[in-house]
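Think of it as A, B, C and D in the order they're written, each chain with its own count starting at 1.
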């Protein structure tokens, strides 16, 4: 198991639903898709959806075929004036156009519907790590990995725990979601490789400083490109702190039946990212074995 | 909408609530679908193929996407027959029809698996996954050689105390020959098709998409190939045929029934819509009613070719 | 955008302007595409398969649509070798590379066709369409039996005075065996794949979509199957391989080159975009430049599997 | 050949183009799609297009795969304020939603682009039939067959020839395009099976009357469901008049290379509907052999 049962709030049962697009806006180099989801049960920080590759048409088209995994970026609560009867809740996805499915998603217009299944996976343990409750929580997000951290930052911000969010990107434009984090009131550090905003450089620079200060009492929550997560994990380990990561593997089902999302485990064998993850303790993962 | 149509069918001696089963490897061990459909509203399901011992599959990447299809090379990762019988089966509601799928590198291994699952009261039937490379025979799949397939079916038939289905590989020159061998060696029915051997490449990395290089193509893309093979197999044998391959809608399913299938299996479509199987079962009954068939069973072989 | 990449390739001894040919039966006799592309900007084309006498095909319906694919049962309707040589060829611009495709029910018939087209100066090569049922051998296709295929290639090789390509059927258990037979019998190269045998049904009429019941599946749906077979064939033989099957974009084409093809053929995509072949040729050169290949020929077999 | 060379104005070479949707409106039970086509060379009455099954997306989707054949309903001439440089001309298609492709076409919105190839096929001979120039031209349209007759009616209306258009449908709602024909000023007779507009009954009733009056000097141009065209052809033959029809066969290419659209000929063998047709003299066709 990725994370001990006790430390994770028990997840809501997933539902299959037709979400309604409320907004699909460009923010920097990314996009934010706002959905109204009938009977949405809510999600735990770090959980995700399997969402259709683009809006539904009356015609079922099988190319592209598979749904796409996307983190639940923000929970916005009940939708006012929702269609009579059903209780709609609104959520946001933060995504970047990288291929066919995300391009089709970017073409989805308000009023169109998209099929989805979720919430899926095991979220972040809000009080993880031996001495978690005491030590600082350091959230490190790179690229669209930022999406998996917002609700976690919000939840941790409501505890009396010390929280710092470090967001890194190539350039200011790529820090989609930054303003939402600022609005949270938790401490926010941004890094950009071109120095266009925040510290010039990589997330590992401020992370190193924080880890040294925490003297092994910190918990790092790192989500982003594999090399970034790997670097954060090594840094945390070297400073005796825990590190949790959220893996991105290709997925077909999202709920543990296709076995397509397997990630190699440090002690051998595989874990299913969609079911036992996507959140794992960094040391559980065989980083060399990841694609 | 509910209909007055009699949805019950029989497959290889197994009475089914309706003609819709789900395909091995695409429905897990059943319970995973409880949030999305009523397991007692589908005909039943074929569980993930079992090996004697628990088994891990290939390293990632294990899947890829192709036009109207998906590619996979999982390699029969499964909990093993023991955990399946002791933990997975008991977790299922009473009314669910379960067909166990057996996979091995030797006929004797298949036979042992068949014997063990036969004992369990919750198992309604056994499906042999003949797409395993026969180690002794230099890696060619059982399902690709009539002689090997015949030996396999004979060996398993001798010990299987439950209805026996043989799941055929589509990677053959003449599917009818394979169907006849199964019938001759006493199989109660055949399921076809398994995934079609295929390959995909990532032009940016210039590497195969799958760590295994080759994989199995499934989904709507292969449906016309599966339909052709089901038609040819149904023409060749008298034992019941279970149609599998690219079925994503009730209309798709009806095509297989018309071509001679007694029941069908939904595979990849379970990923696209985890409630697909229940929707398809309902749709078949509605189709039958709309077209004046009192029983879904009457759709089997009702294709007009004159 | 024009590149500094050397686009020339050689296929079975035929020098080609670039790696993009068009597939038999999908490009007519060439002139039909003059309004849509510059025939001298593609590598060349394989003309519709020829029979000795003019021939009409199957009654309608002859085509149908499937997920990411199309089904056809035309049955080699063609003008016959005489009209082809005397009327169709002269109508083509000088610079166009033409490969003739031969189809017959007996090796002797293929041989006569090969001999006749060999004489014509405008013919750069001959492609044997091995997907014809061998009448004497009870209807199994030449391309489905190594012995029959060997006999066919040997017979044609003896009289063909132009580079000889053999177009393989995908409806076989082991494509590598077929490739080896062609190499052993002196073929200069192989083209694969032909359409995959398939079937589609109209659930409203409860009839097959095709008058012929069975047909050939082509288009993007079969691309991963074609790519797998090209990979397996290229591993098995040293003669050049021409990749065919579902190619609709430059990236698709590059996948076949990386898997070992020396050239490719565009088929069904010609219907979706009659200028596809020219677009794909341009795109391959752009890909090569983007990835630092000075010659398109260097893409052949450049797949990394380590 | 379907129609003798001389009798048909030589067609323009086909082009492949990205048409821009100007309008896609509902009219009765049908729809009318207005397109702006760059470099459109114009078409001959009775010619058609192969049009993509729905608007283009940045993502090329292969399901559905094949383009759809559609007659050029109306030629509207040059588009005012066309994109700089290229000369756009506007044409209309009249269609009915019957399956996946036409459903996707019905979802195409103004501003979106659709790929197309055309003009294709051989059109109607404006002065066909032995004594054509003298005798009346009777145009009979059923269902969406109406689409192939508008430009013909217009062209014939400009000659000094006697012209009557007979449009038939199940009900008033199905007479999409009727008002356009009325506006032409040629004589128009409508029939509906439910009598909701025009004569109650079928097109063959008024056709019979006209054929009798014409005493073998008429030319019938019939386009619609196969049974209707067959009935018109038999009626015309019985009254010694010529009859031209336009066949609808499934097509993959539309320009004579796939050989998928073959129609059986009376004297044996097949004709390609896309290339030698879609217009044929009724007597050339083996009506029993049509699907």
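The rule is simple: a residue touches a chain if its C-beta (ideal position, glycine included) is under 8 Å from a C-beta of that chain, and two chains touch if they have at least 3 such contacts.
Predicted, not measured: the structure shown is a model, and the values here were computed from it.
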Chains in contact with subunit B and also with subunit D, listed by label, are A, C
Nearest whole angstrom, what separates the Cα centre of subunit A from the Cα centre of subunit B? 35
Averaging only over C-alpha atoms, locate the centres of subunit A and subunit C and give their separation in whole Å. 47
Indicate the whole-number Å distance between the mean C-alpha point of subunit B and the mean C-alpha point of subunit C. 34
Any chance you could list the residues of subunit B touching two or more other chains? 66-69, 219-221
Among the residues of subunit D, which ones contact at least 2 other chains? 62-64
With chains as vertices joined when they touch, what's the shape: line, ring, star, complete or other? complete
Subunit A residues within the subunit D interface of the complex: 54, 57-59, 61-64, 100, 103-104, 107
Subunit A partner contacts - residues on subunit C that touch it in the complex: 67-68, 220
Could you please specify the touching residues of subunit A with respect to subunit C in the complex? 62-63
Looking at the complex, which residues from subunit C come into contact with subunit B? 66-69, 71, 144-145, 171-174, 196-201, 203, 205-208, 213-214, 217, 219-225, 227-228, 231, 246, 251, 254-255, 258-259, 287, 291, 302-305
Help me check something: in the complex, which residues belonging to subunit D touch subunit C? 13-16, 60, 62-67, 115, 117, 249-264, 269-270, 289-291
